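Read through the structures below before going on.
One chain, subunit A, appears in both complexes that follow, with subunit B as partner in the first and subunit C in the second.
Coming up: the complex of A and B.
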């Protein structure tokens, strides 16, 4: 635990790899996972074409990944993104991260390009590049099963791409297990561009800790306390689909690519309870006591895991198909091909709107694309993954705009060229929307979403938590800059420790956060890291990401904006009809937000801030 | 040490492997599932996670199968003890166990079987779903 390693692997012929101990000061200053990945990217790898051999694909485990804690199965995959052309970073759960640590490594940096399909096999200290020609073309689960069978090891952990990553579909994901995904920002396309089908790992080394018995006791006490929480019990029973009802009834789960209002009564057919006939029970990532993932079966069909709220939101609500069986089928198909559920479903909704507006013809579309037609949506998933027909255009994600009529542009909702789509809450929950404008990976909820903003908590609870006033009304702009900033620092630390978002202040103001992290770090490493030092690490990580955006040419105020639809078209119906983002309020938010980070009025980190944080 | 039965309820296991974490921390002072005496096996096709842990059988098939008398069963607790000096990894006990609960680790060079942590199993309290429970004791039923 006290000494951890980075392995550098180059897949190009005749280039040898090497290993390096993670410098202790990096761990102390950037914590691990996302933080150390970002430091590696910033300090060693200038921006390059994301699909070129020089783009480093960085896998990073958290400082506490694999230990008793708050959902410690997680890790980050980081690279320049072929989906947005900017910064790519995707957090993934399951069991791979801990296994990589048991093999002795905290980070893998993969560069180069193999002339033929290969996979990487890591068995403790031994790392081999192996032929993957027979795996090429296989789905994500088949690949994992084939590798387990061939290596005669039912404990092998694999991160793999599916056929979509092989074909450089820009929203290709990396999958481990039946559905855990490094889903966003095209990390699977980066693997495909390197001819890297999979990374398989098996470790048998002790992850030593400073105070094992105390860690066992503290871990048990904390997990017991967590398990008693109502929100944990609910999440452990219904999974993330529990959010559908409040989002629909609150009026912020909208339909038809954000053109129309919420589903209203029709949405009831896809509330969390609708999964019960399909659910076989729950599943979880390594070391997690929340167990938020369904195991499912469509009668007579294959079994699988999921689906999550995202597939209901970006799929069922967005496409106007409030049908749970459709959601399960879409979930399984997208994961089998290895694509991001959000981006894939957003591209399908985008195509539906282009067809509705006559921007693409029936012949370009290959047939009618009608809202509410789930079968056509499923057919488009196949076409995107196989790059067939219009699927070949949609597979380009944001870059599809270059192949479409000019007037298509505004209907693909993006921030910093990353697809946002009809993200729930977009115009209604102001902290969610404003968070999208500044997220360092383009519009994505997990950089800064103050999930608790929709709970209507007493103002004093918010003021105590955020050390400053914030409105309890989710439609208000007041105090939301502080809220977004506060969550950015916490989530940067949470990711870098290897912990789960759902077990920190996302669903509840009383969830574990800095004080519990501080104690776990002390028990695991014997480090006394104060809450202030942890928060400063969060700021260092976030500011490093902002500096990376600067290098990529999107790190200034003009890029901190939102889709035109959110700024110009009020919500068309439901309880939040008329809500829209006010540009003057967005500007005011940015002023406050930049000041909290110590960035200048144009959104660039001030030299004194960079110096004080010691970023180099 | 008195007998501590651990009841296994497969359908509710979520595969979190906190049992493996707790077991290895207790026995090794480090997290290392390879060295855990409880093990969760996944079956993706059936969408099941199956915990395997010693059931303190009587008669004890693993003990009977051992040609070198490296295994003995403690009469009071039912726990199977391994004498590492006598064990030569012949695999007879592993083949004989109907629960898949005794295992040789090539990587660690150890025969691994649950010893109930000396009377207070570390894994069970971490299993909030009740896939592992202590049915006969006040502290241990399904929670």
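Coming up: the complex of A and C.
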């Protein structure tokens, strides 16, 4: 534990790999996982074509991944993104991260391109590059099953791409288990471009910690406390689909690529309770007490895991198909092919709107694309993954616009060329929307979604939490810059520790955060990191990401904006009818937000800030 | 005038049904919760309210399609009340 390693693997012919110890000062300053990944990318790898051999694919475990903590099964996958052309970073749960640590490694950096399909086999310190010809073309689940069978090891942990990653579909994901995905920003396409089908790992080494007994006792005490919380019990019973009900009732869950209002009464047929006939119980990632993941079976069909809220939101509501069985089938198909559920379903909704508006013809589409037609949506998933027909265009994600009529542009909702799609609450919950404008991976919730203002808490609770005023009215703009900034720092630290977002102040103001992290670090590593030092690490990580955006040409104010639809088209119906994002308020938000980070008025980190954080 | 209350999420599991009808004319959410506890199950009040007597942040209450701000939110005659589990984040996960 006190000494950890990075393995550098170049897949090009006749190039050997090497390992190095993670420099202790990196761990102290960037913590691990996302933080160290970003430092590696910033300090050693200048921007390149994301599908070129020189793009490093970096797998990083958290400082406390695999130890008692708050959902410590998580890790990050980082590279330049073929989906957006900018910064790509995706967080994944399951069991792979801990297993990689048990094998002795905290980070893998993969560069080069193999002339033929290969996979990496990591067994403790030994790393082999093996032929993967027979695995090429297999789905994500088949690949994992084949490797386990061939290596006669049921506990082998595998990260793999599916056929979509092999075909360089820009929203291709990397999957482990039935559904755990490094889903966002095309990390699977990066893997495919290297002819790397999978990474399989088995570790048997100990994670040495400073105070093992005290760490176990504290970890158990914290998990017991978490499990007594009502919100944890609700999440453990229904998973993220529990949010469909408040999102639909509250009018945040919009339809038809954000053109139309909520489903209303029709949406009730897909609330979380609708999963019960298909449920085989709940499952969890490594070391998690919440177990928020559904295991399911459609009668006569294969078993799977999920779906999460996103498939209901971006699939069922977005496409106007409020049908839980459609959601499960779409979920399983997308995961089997190895694609990001959000981007895939957003691209299908985008195609439906282009057809509705007559921007693409029936012949281009290969048939009618009608809202509410779930079977056509499922057929399009196949076509995207196989790059067939219009699927070959949609597989390009944001880059599809180069192959479509110019009028198509406004209907693909993007920020910094990353697909946003009809994010629930996009125009309604102002902190959500404003966070999208500045997220360092493009418009995505996981960099900064504050969320706490949807709970209707007394203003003083928010003021205490954020150490400054922040409105508890989710439609208000007041104090939201502080909220977004505060969560950016916390989430950077949470990710870099290898902990789950669901067990921090993402879901409840009373969830674990810095003080609990500080104690775990002390017990595991005997480091006395103050809360202030942890927050500064969060700022260092986030500012490093902002500097990377600067190198990529999207790190200034003009790029911190929102989709035209959110700025110009009020919500069309339901309880939130009329809500829209005000440009003047967005400008005001940016002024406040940049100042909190120590960036200049154009959104660029000031030299004194960079120096004070010691970023080099 | 009876009030129809639809339940989703954790409370449905505790009460064991998806819909309740409250007899009486509660003017506020707080009165409604008190009547629910009296007429059906005392656990409802303990579950729905926090230590300060307001709606626990792990629940959301909607009245006629609008989110209730707290226990003093008004309940109008003929409005349907919906109670769901709630967490802050997760939208889009």
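The definition used in the following text is that the second predicted complex is superposed on the first by the 616 of 616 C-alpha atoms of A that agree within 3 Å, B and C clash if a C-alpha of one lies under 4 Å from a C-alpha of the other, contacts with A are read in each partner's own complex, and residues count from 1 in each chain.
The working rule: contacts are C-beta pairs under 8 Å (C-beta built on N, C-alpha and C of every residue); 3 or more make two chains touch, one makes a residue touch a chain.
No experiment lies behind these values; they were computed from the predicted model shown.
Undergrad: Where does A:272 make contact in the superposed view: on subunit B (first), on subunit C (second), on both, or on neither?
TA: The answer is second: A:272 touches subunit C but not subunit B.
Undergrad: Is A:432 in contact with subunit B, with subunit C, with both, or with neither (first, second, both, neither)?
TA: Second partner only, subunit C.
Undergrad: Can A:230 be said to touch subunit B (first), subunit C (second), both, or neither?
TA: A:230: touches subunit C, not subunit B.
Undergrad: Considering only the touch criterion stated at the top, classify A:68 as touching first (subunit B), second (subunit C), both, or neither.
TA: The answer is first: A:68 touches subunit B but not subunit C.
Undergrad: Check the residue A:338 against both partner chains and state whether it touches subunit B (first), subunit C (second), both, or neither.
TA: The answer is neither, since A:338 touches no partner chain.
Undergrad: Scan A:163 for contacts with subunit B and subunit C and give back first, second, both or neither.
TA: A:163 sits against neither subunit B nor subunit C.
Undergrad: Go through the superposed model and pick first if A:249 touches only subunit B, second if only subunit C, both, or neither.
TA: second
Undergrad: Show which residues of subunit A both subunit B and subunit C reach, each in its own complex.
TA: On subunit A, no residue contacts both subunit B in one structure and subunit C in the other.
Undergrad: Using the touch rule from the top, collect the residues of subunit A that touch subunit C in their complex.
TA: 229-231, 233-235, 237-238, 240, 242-243, 245-247, 249-252, 271-273, 308-310, 313-314, 342, 423-425, 432, 444-446, 449-458, 501-502, 506-509, 574-575
Undergrad: Can you list the residues on subunit B that touch subunit A in the complex?
TA: Touch list, subunit B to subunit A: 11-12, 14-18, 21-22, 24-26, 28-35, 41-42, 44-47, 49, 105, 107-108, 122, 125-126, 128-129.
Undergrad: Can you check the complex and tell me which residues of subunit C touch subunit A?
TA: Touching subunit A: residues 8-10, 12-13, 18, 47, 54-60, 62, 65-67, 69-70, 82, 84-93 of subunit C.
Undergrad: Which of the residues in subunit A come into contact with subunit B in the complex?
TA: Going by the criterion above, the answer is residues 1, 66-68, 95, 98, 102, 124, 141, 144-145, 154-155, 177-178, 203-209, 212-213, 215-216, 219-220, 223-224, 227, 280-289, 291, 293, 295-297, 302-305.
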